[in-house]
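One chain, chain A, appears in both complexes that follow, with chain B as partner in the first and chain C in the second.
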Partner chain A sequence: MAEETRRLLELSHICKEFELKQGERLKAVADVTLSVEKGEWVFVAGESGCGKSTLVRLAARTEPLTSGKVLFEGKDLTSAREKELRWYRRQAQVVFQDPGDVCSPRMKVGRFLMEPWINFEKKTRREAKEMALYALERVGLSKEFFEKYPHQLSGGEMQRVAVARAIALHPALLICDEATSALDVSVQRQIIHLLREHQRETGVGILFICHDLALAENFGDRVAVMYLGHIVEVMAGNDLRKHARHPYTRALLDSVLSVRSDRQKPIPVLPGEPPSPVNLREGCVFRSRCRYAEEVCARKMPGPREVGDGHWAACWRAQGLPER
Partner chain B sequence: MNILELEHVSIVYGCGKSAVEDVSFQVAEKSILAVVGESGSGKSTILRAVMGLLPPGGKVTGGAIRFDGQDMGNFTPEQLRRLRGRDIAMVFQNAGEYLNPRRKVGAQYLETLGCHLDIPRAEQKKLALDMLAALKLTDGERVMNSYPFQLSGGMKQRAAMAMAMSLTPRLLLADEPTSALDVTVQAQVVQEMLQLRENLGTAMVIVTHNMGVASRMADYIVVMREGRIKELGTRDQVILTPKSDYTKELLSAAPALK
Partner chain C sequence: MRRKWMRFFLFLFLAILVLSVAVWGNRLAPWDPLETDFEAKLMPPGREHWMGTDNVGRDVFSRILCGARNSFALTFLIIALVSVLGTWIGMVSGYFGGPLDTVLMRVTDILLAFPDTVFAIAVVGMLGPGLKNTVTALSFVWWTKYARMARGLAGVIRTRDYIVQARFGGAGTLKILVCYVLPNIVPQVIIMAALDVGGMMLALAGLSFLGLASQPPAPEWGYMLYEGKSYMQTAPWIMIFAGLAIFVTVVVFNLLGDSLRDILDPKE
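Up next, the complex of A and B:
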């Protein structure tokens, strides 16, 4: 029972298929099951085209599902009507990669920050302004920003404004889609620490989509790795480098060029690129690039199997692979 | 022998804003120099200045840029045209945007070669396919017969790199060549660029914000901030024993795998 109440967002076997011309089908998200608990920071990592942005839209319920269920605090939102969705939009806020795209270029930062208060809380303009100023202060921006237009802000400042707006109404869940990927590393650090501090204060759950494994390892309570629409591994963040089981996760980790890497050693390169997600063949999605692939891998996509405490890998050979 | 020398170079943009101030460095033949820094540090501006591709209003207001010991400021447009492509080549972050979307990659590739090489078309094609193969694009025919949108980001970046390298330039300028790529593809391209240097002896200037890439590829590293050089040294000096506080900050800001 205790576990039930801690569960915030639950994605259960969700699928999203797009129909292309000539009857071709693109499975962007295939049978994904993932949850976020209260106060938990879950990373979803993967490369371009793996379906992680589609996953964001499904989790935010801005895109209809092909099948599966989205539950929030136990409520089934899969076929929710407008009224319920409006409630959900207040509970779950999204932060995007490019905050400039979110804020109208003709809207001053102040008005952008007042909007949620007027929209959801029916505050007066004066109250909303007070809240907006407080929001600026919380993300470390001075009052002067209230009167500025988006183009007068740097990328990092604008992202802080976007975060300020997202956390203003104390949502229970934050969904971040590559929220720091376009930023310089020093600015990325500020935003990450801002989120972490806010999480400690309020216990907000965070679903954080990114392709940076080092970030996931350092800040993620759990990390889910996606490849071609499937989640191939879920595990605790701080175990990532040492205990990753799935050959794809391992290849991703090997590809990160670390500052202190040994230049004499060749970079272990994963051959090729992900195949097209259109009309996928039977079998494991990763097998065409996997050096451990054997006959069984061509027959059927493996389901998630428990390989450790709270650690799941979708790999037929996960048990037999050597430790890293 | 230095192939490229910048001596007290300053660059100003049209609005009177100084983009680069008093920058000096040398690139020895066959060596790789990485220019690192965050957005707005002026690192891309330097490459554009060397290539003579500053946006309208941008101007080199001081100092000298020397290629092979000769001041590029004194070159006639005709001399510059011959230099570009043949001796100095450049690749950009988003190579796809520099390819014409309405023409097949092969046509654009052969046009580039035809501008500089007076050899029969069949030989041009062979040259192109060989270079594509060297960059691990084994199905070169398909790449040549594709429109840019039919190729993945990694393939476009490789095709652009192949175009640049086919004329065996002595200097390759690369502006964030791997930043738009996924990590697994980034690792491949880095590996292949190092291989090109090994095989063809091309000197490279690589602009990147990724310290991991710089550390892996460069012999020398220049750290820039707000248009000025903060630190300059060999790769080991800058990565292992950084002097400037800013370099230390850059090295520690990006989270690393444990």
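Up next, the complex of A and C:
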């Protein structure tokens, strides 16, 4: 049971469908099973529109699921009431993509940082203020920011404030939705650095959604690759480049541009666009763009199969593909 | 940027001027606004009566000064009432959505389908003339405007990230409404209210003009128009000055509302 207790967040076969007009159904998240363990940094990578953000909202329990289960520290939150959700929100924190929308435009940054202390911990205003000032200091922002409004801060500063608040109460889990995507590269580094430092200190589990495979490769204990609502491959981050099995993961890796790329070589491009997620046909979701697609791929969507140690791929041909 | 503020302070100054007339009007008035003097009835504007006298010899200038208080008190009372009420109803409706929202919005649709003043006249007509009924009637037709706006804004705000963040900051629903949604609606409400002062004053004057709002002999601008109507040809000054008072006030508050919008505009 030791393994059980390490498990923090568990998403089990979660689905989210949106009903569009006239019986059209959009499957944003389809049968996703994923877990985050204590102290683990899990990345979910994929193109925009693949359902990453919906996955975040489901994991954060801000949106109802169509089916499946969300467990946190073994407790089922699927049909949790407000009281349990409140407990969950005390343990889990979110950081979103858009730093301009983190804080109400009419609320000062200081007040924003004080909120959790006042609401969750029932601190007095003075204590909360102390905590807020400490939080600012911790992310390298001066005291002056306490009295500022969000629009007076740059995106990077605001995102640091967002992270400062998210980690202030030492949550067990951090859910980040493209938390660095809207930022300059140098600021991205700061944020990632902050998160990693905090993880080292407290052992927080991080579920990090992004589309940057290079980031996932460098920092992810595990990386899940998502395509059209499905998780097509899960594997250890540092194995990514060498051992990726799924054709989609490989295509994504090929499109990561390196600083040292050879200008003479052609840049491999994944052909086509992802098909519309409305009323998907039978078969593997990736087959329309997959160069290894066979007849079997048109019949049924492959389930995740273990292809290595802690390495799962949802591909009929995963075993037969050539090594990279 | 500076011009915007200059404009705002100019109109604010004018508005305060008009308001101070309303507050200290009875002290400034050279005559008793209720005192009749049949010797001096229908006197044209002159040295003694700056704006002339009406059909029973009351000083028009004094009546306008004193009438300001009545007109303003009623206007502000109704606007305060409908903006607070309408904003809350609209905000709750927009934030929660669902069947409650549908019902409320159909009700506002029905109320908005009638022209404000006509509907108010109908309501006052049913309840009977008098100040209390006028306030009731105008509030009844006016709140929908605020409710619609607040509902629209709340509907957008509730989908924003910062509301989710607020939940993760431990805020309950009431706190979210009061501390996160409301502050982002209030500036728009203030602008709307400032722009509404003129309209409300006109509506009140309209009702008074029809003899439905304030009752004689209390001075009130709209009612003065009504009284002066019969002497429009022989003693036009009664109507002209009362009308001018309404006109100036409406213009000042409309421009104030406009410049307020320029300042509070979140796009800045």
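What to note about this one:
Just so it is clear, the second predicted complex is superposed on the first by the 324 of 324 C-alpha atoms of A that agree within 3 Å, B and C clash if a C-alpha of one lies under 4 Å from a C-alpha of the other, contacts with A are read in each partner's own complex, and residues count from 1 in each chain.
Heads up, the rule we're going with is that a contact is a pair of C-beta atoms (placed from the backbone, for glycine too) under 8 Å apart; a residue touches a chain by one contact, two chains touch by 3 or more.
Note that the structure is predicted; figures quoted are calculated from it, not measured.
Once chain A is used to superpose the two complexes, chain B occupies space next to chain C without a clash. Ranked by how many residues of chain A each touches, chain B and chain C are led by B.
Of the two partner chains, chain B is the only one that A:A251 touches; chain C does not reach it. When both complexes are overlaid on chain A, the residue A:Q264 reaches neither chain B nor chain C. Applying the stated contact rule after C-alpha superposition, one finds that A:D98 touches chain C and leaves chain B untouched. In the superposition on chain A, contact of A:Q22 is made with neither chain B nor chain C.
By the document's definition of touching, neither partner reaches A:S142: not chain B, not chain C. Judged by the touch definition given at the top, the superposed model places A:R90 against chain C, while chain B stays out of reach.
Contacts of A:A214 after superposition on the shared chain: chain B is touched, whereas chain C is not. Closest approach of chain B to chain C, taken over C-alpha atoms in the A-based superposition, is 10 Å. The touching residues of chain C, counted against chain A in their complex, run 160-162, 164-172, 175, 179-180, 183-184, 266. Within the complex, the chain A residues that touch chain B are 47-48, 155, 184-189, 211-215, 217-219, 238, 240-242, 251-261, 263, 266-270, 273. Residues of chain B that touch chain A in their complex: 38-39, 152-155, 182-188, 190-191, 209-213, 215-216, 239-240, 249-251, 253-258.
Residues 60, 62, 86, 89-90, 92-94, 96, 98, 101-107, 112, 115-116, 118-120, 162, 165-166 of chain A are the ones that touch chain C when the two sit in their complex.
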